[in-house]
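You will see two complexes here that share chain A, one where it goes with chain B and one where it goes with chain C.
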Partner chain A sequence: MVPPDERSRALVSVLGTAETKVTFEDPRSIPEMVLAVVEAALEDAALGWHDIDAVVTASVDLFDGLTASSIAVTEVVGAVMKPETRIAADGLAAAVHAVHQIMAGAYRRILVVAHGKASMAPYWDLTAWAMDPIFLQPLGVNFLTFAGLQAAMLARHDPHAVSRWATTAALRRSAATGGIAGPISVDRVMASPVVASPLRAGMCAPVGDGACAVILGDPNIGDRNLGEEDVRIAGIGHDVGPHHLMIGELTDWAGLRRASQRAYTLAGVTKPTFAIVEPSCLFPHEEELFVEAVGIGTTAPHSPGGGLFAGTAPVISGLSRLLRVVRALKGRTGERGLAHGTWGPAGQGQVVVVAETP
Partner chain B sequence: MILESTIRLPFSYAAGTVGSRFLIALREDQKILGARCTSCSTVTAPPRPFCSSCSRTVTELVEVGPDGTLEAWTNQPGNGVFGLILLDGADTPIVHRILGTINPGTVNAEAINMTPGARVTAMFAKDRTGRITDIEGFIVEQDDP
Partner chain C sequence: MTSKMTPETTPETTSRAMTPVAIIGSGQTNHAKERSDVSQPELVREAVDAALQDAEILPEDIDAVIFSNMELFEGRAFPELWVAEGAYGNGKPVFKVATGGTSGTSACIAGFHQAGSGIFDTVLVVGFEKHSEGHTQTGMALVDPFWDRSVASGALGNFALSISQYVSEYMAGRGVTEEHAAQVAVKARRNAANNPHAHLQMPDLTVDEVLASRMLAEPLHLLDMCPQSDGAAAIVVASRDTARKRGKAAAWVHGAATRHDQPYLGDLDRRLVTTRAQRSAAASAYAQAGITKPLRDLDVAEIYEPATYAELAWYEALGFCEDGQAGRLIDDGITQMDGELPVNPSGGVLSTNPVGASGVIRVVEASTQLLGRAERRQVDGARTALATGYGVYAWSDVIVLRSEMP
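The block that comes next holds the complex of A and B.
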């Protein structure tokens, strides 16, 4: 429960949410997937297109195979003749930008949309083109290489790390009812092919296609859709680290620690205990970095639905974590949740949102 | 219906003043340069025009390596073995390919004994073109060749 003296620090209200079911290959086009979640989010918020003042979209041209993702989404998010801010980062960072815009008083209600289709090209190969073109691209490294190096750094002095990570992956996949990859045993994880040692295929969250939309609103405008049961965003934090690997940054998500501290300060969180915690971790070793950085303690439960191991898509992960936090908190009184997003190699970008109910 | 396509787009990247000096040193002299910050003394390798610690503008380049310490490595089947290497004289690690061991005189990628903390040395390409791949990769030194 949120202590009484820490309540009512709402920055914005969450008015509606929607997401597609993540699949390995969604036969729909990007505009069709995005339109589906936008219409569903509007319906969830009992709002119409005319109620939305502005749009923030998250997409990455490289992943979309487009010279500009605006080609695909600007019309279906209803942004024609409206302000659209587009960011090339995780969808939760788009939500944070929307919070900034509402807090600045620029807009009352903002639609936040993220989409990603890993089925369009070999995802990890594609990430090689998101690396520095002078020092890294010619080597052929990609985000998976960096994840492997990060895991290797963490396992250097920890002989039990790999078996522990296999157990974590199996646990998450078991909790992921309806997940796109299904349950897996620890033995099968350990027998799965090495993809970037010490990481094995069974330790990686499955990446497919998905879209997600969240509608945020100013909590002070007397919106007809706002009620006591609405979930509010009370804290936001955002941090970007260096692109080139630094030894310290690899074994410690210091950027996430800074981001979470900013969010906790805004939300008035003095002790990080949450009713629900949803990290965006594609690999088990990232969960350990996450738990350490946000300070929830190693025994605190998180990822009740299996987290990203249930299946995720590029760019949507963090926004879909917010959606899950909002849905878990809705209708409960005085509870608090934490959603996390990350992007870039080895967790270069980090974003945290603290949500709560009055 | 899925339409197949391929994106082909030639592109020109400016390596910048510091990056160019680094690449020219690789090509011409088989030397690896790092950028030394005159404010905090951090040596960043590969060099960048700003300090990786204090963000000050950096113009002083110093030679680092070619030997170093293997901090971590990862094997990506089908793509290669990559290491995080702290070159002697540098404060930040370089990512590069790990080629294997020389025992004696021939590269043996199958016999890699890559304990973190192992000593490695850069192997330069015979035909160098002014790219990071002018370092072909790093060879793991063996205590008992």
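The block that comes next holds the complex of A and C.
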């Protein structure tokens, strides 16, 4: 429970949320997936298309094989003859930008939409094209191999690290419901093939297809849909660390520490305790970096639904974490939650949202 | 699927004004066909250092950075992660806006929103593109695989298609001719000769030379089209209180609006004639800024004209003249440097086009005019300036700046 004197001024309200079921291959096109979540989010918010002032989308051209990839969804997000901004990062960064827009007084209600369809191309191979072309790309590294390097550095002086990570992956997948991945034993994790030493296939969150939508609103406009039980966003923060990660930050998510501190400052969080925490961790070693960076302590529970280990899709992960935090907090009083997103190699881009109920 | 769509904006959306913010400094590189002397982060660093120097601030004074770049033109994903260090962005809040040709102006508007949010005091917006390190037309051809990709032809084909409709409607009925378009080309390139940053330097270009240049796609000649450039540009946006406390000249944002439109070729019949997205964006930005007669109320305009005919269409969409009067505007010299409303003293996109930076350059040039720092391309006494962005098939941004605080 958040002490009353620590409760912050709400930045924006969360009016509605929706997401697709993540699958390895959704047979629908990108616009069809996105239309489904937009209509569901509008229904969840009891709003119509006319009630939305602006749209912020998140997509990545290279993942979609489309230039200006929001073109694919302009119609189905209702952005025809409306303001739309596309943030080419994790979907939670798009939500953060929507918060900026509402706080600037530019718009009252904003639809935030993210989509990713890893089934269209070899996802990890594509991520090699996010490396700088002079120093890193010629080495053949991608997001998966970078995660392996990161894990290897963490395991170098920790002989129990790999078995601990196998236990973590099995624990998360035992809680997973409705996603791609189901329960798996620690033995099976350890017997699965090495994909980026020391990471094994069973340790990695499966990446497939999905879309997610969140509708944010100005809490000061007397919105008819805004009730006392609605969840508000109280703090936001994002950060981009050095690209050449071997220089310093590979074994420390310092960027997440900076991003979370920015969010905590806005939200008035002095002691980071949360009723619900949803990290965007694709690999079990990242959970340890996450816990350390956001300062929640190693015993604090998080990822009650298995987190990303149940299955996720590129770009949507952070926004879908916000959706889960919002749904967990809805109807509760004086509670606080944390949603996390990341993009780039080994957590170079980090974004945090602190949500709370009055 | 579209039965539930509501394509028109509500009145509240079109006139809502945001918290005042100001541009306190700007900078740009020297643009060229190929800047092989620098990497992409180094190119960005040139523009950013110029902007910081212009604003008289240090890198540590920047709270957040917004990038504008079209990643597939250089074959990258998340290029801001690599290039952020060029903008002193490591360890700071950074993300990238990418909406085709409007990327730069949309990134600027995102910067206005961040600085107006109360969260950040000073925001750096930087746009860059290094076309020489990629293949732009291939990038532009990566459109919808089901409907548009089989006929994708990049910028040239799209403009030729829409301009041919514009020309057939206007040339026959209202007197817009290819000579008018050629006059736009000459104006742009002669203005660029006063701009040391401009890519194309053609001070002696004539209408006859434009008309005699190679036909690319009817009715577009080579010199009717913009070039592909390497370049970067940056602005520093400050919150109202930060800008006011400085006690220095600034370019204040009085209006900003974005409109996107149908993205498919088949839905965009006569798009250059109707220009509904730009008309709607202009109506919103003008309402925010109190602009009622643009030709009278604006002192200078930096508009995003990738082709000569587009500039003529924009004259009408932006309310510089009645529909069908664009030819008269250029004939009468209204938009020349010594005319009533100089349009693109910088030489415009027709002279310099690093796509991710092109929209930022419009804002850099507009704000530079208001600060009186445009040197040989300065419009005397400029106090109200317009900057626009145009991209994808019909997306538009319109921004109104003034030297006075709202």
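Keep in mind that, in the parts below, the second predicted complex is superposed on the first by the 355 of 358 C-alpha atoms of A that agree within 3 Å, B and C clash if a C-alpha of one lies under 4 Å from a C-alpha of the other, contacts with A are read in each partner's own complex, and residues count from 1 in each chain.
The rule is simple: contacts are C-beta pairs under 8 Å (C-beta built on N, C-alpha and C of every residue); 3 or more make two chains touch, one makes a residue touch a chain.
Everything numeric here is computed off the predicted structure, so don't read it as measured data.
Asks: State whether A:Ala196 touches chain B only (first), chain C only (second), both chains, or neither.
Replies: A:Ala196 sits against chain B, while chain C stays out of touch.
Asks: Thinking of the overlay built on chain A, is A:Val141 touched by chain B (first), by chain C (second), by both, or by neither?
Replies: first
Asks: So, A:Gly65: does it touch chain B (first), chain C (second), both, or neither?
Replies: The answer is both, since A:Gly65 touches chain B and chain C.
Asks: Looking at the overlay, what does A:Thr74 touch: chain B (first), chain C (second), both, or neither?
Replies: The answer is second: A:Thr74 touches chain C but not chain B.
Asks: Once the structures are superposed on A, label A:Thr127 by its partner contacts, choosing first (chain B), second (chain C), both or neither.
Replies: The answer is second: A:Thr127 touches chain C but not chain B.
Asks: For A:Pro242, using the defined touch cut-off, is the partner it touches chain B, chain C, both, or neither? Pick first, second, both or neither.
Replies: both
Asks: Pick one for A:Arg156: touches chain B only (first), chain C only (second), both, or neither.
Replies: The answer is first: A:Arg156 touches chain B but not chain C.
Asks: So, does A:His100 touch the first partner chain B, the second partner chain C, both, or neither?
Replies: Second partner only, chain C.
Asks: Looking at A:Leu35, would you say it contacts chain B, chain C, both, or neither? Reply first, second, both or neither.
Replies: A:Leu35 contacts chain C only, not chain B.
Asks: What part of chain A is shared between its chain B contacts and its chain C contacts?
Replies: Comparing the two interfaces on chain A, one with chain B and one with chain C, the shared residues are 65, 133-134, 242.
Asks: Spell out the part of chain A that touches chain B in their complex, as residue ranges.
Replies: Per the touch definition, chain A meets chain B at residues 65, 133-136, 138-142, 144-146, 148-149, 151-153, 156, 193-199, 242, 244-247, 250.
Asks: Applying the document's contact rule, which stretches of chain B touch chain A when the two form their complex?
Replies: Against chain A, chain B makes touches at 5, 7, 11, 13, 15, 19, 23, 46, 48, 52, 71-77, 79-80, 82-84, 86, 92-97, 116, 131-133.
Asks: Provide the residue numbers of chain A that touch chain C in the complex, in ascending order.
Replies: Touch residues, chain A against chain C: 29, 35, 39, 48-50, 53-54, 60-63, 65-68, 70-72, 74-76, 78-89, 93, 97, 99-101, 103-108, 126-127, 129-134, 236-243, 254-255, 258-259, 262, 266, 343-345, 348-349.
Asks: Mind pulling up the chain C residues that touch chain A in the complex?
Replies: For this pair, the touching residues of chain C are 1-2, 4-10, 12-13, 16-19, 39, 70-73, 75-78, 80-82, 84-85, 89-100, 106, 109-110, 112-119, 133, 139-146, 256-263, 276-277, 280, 391-392.
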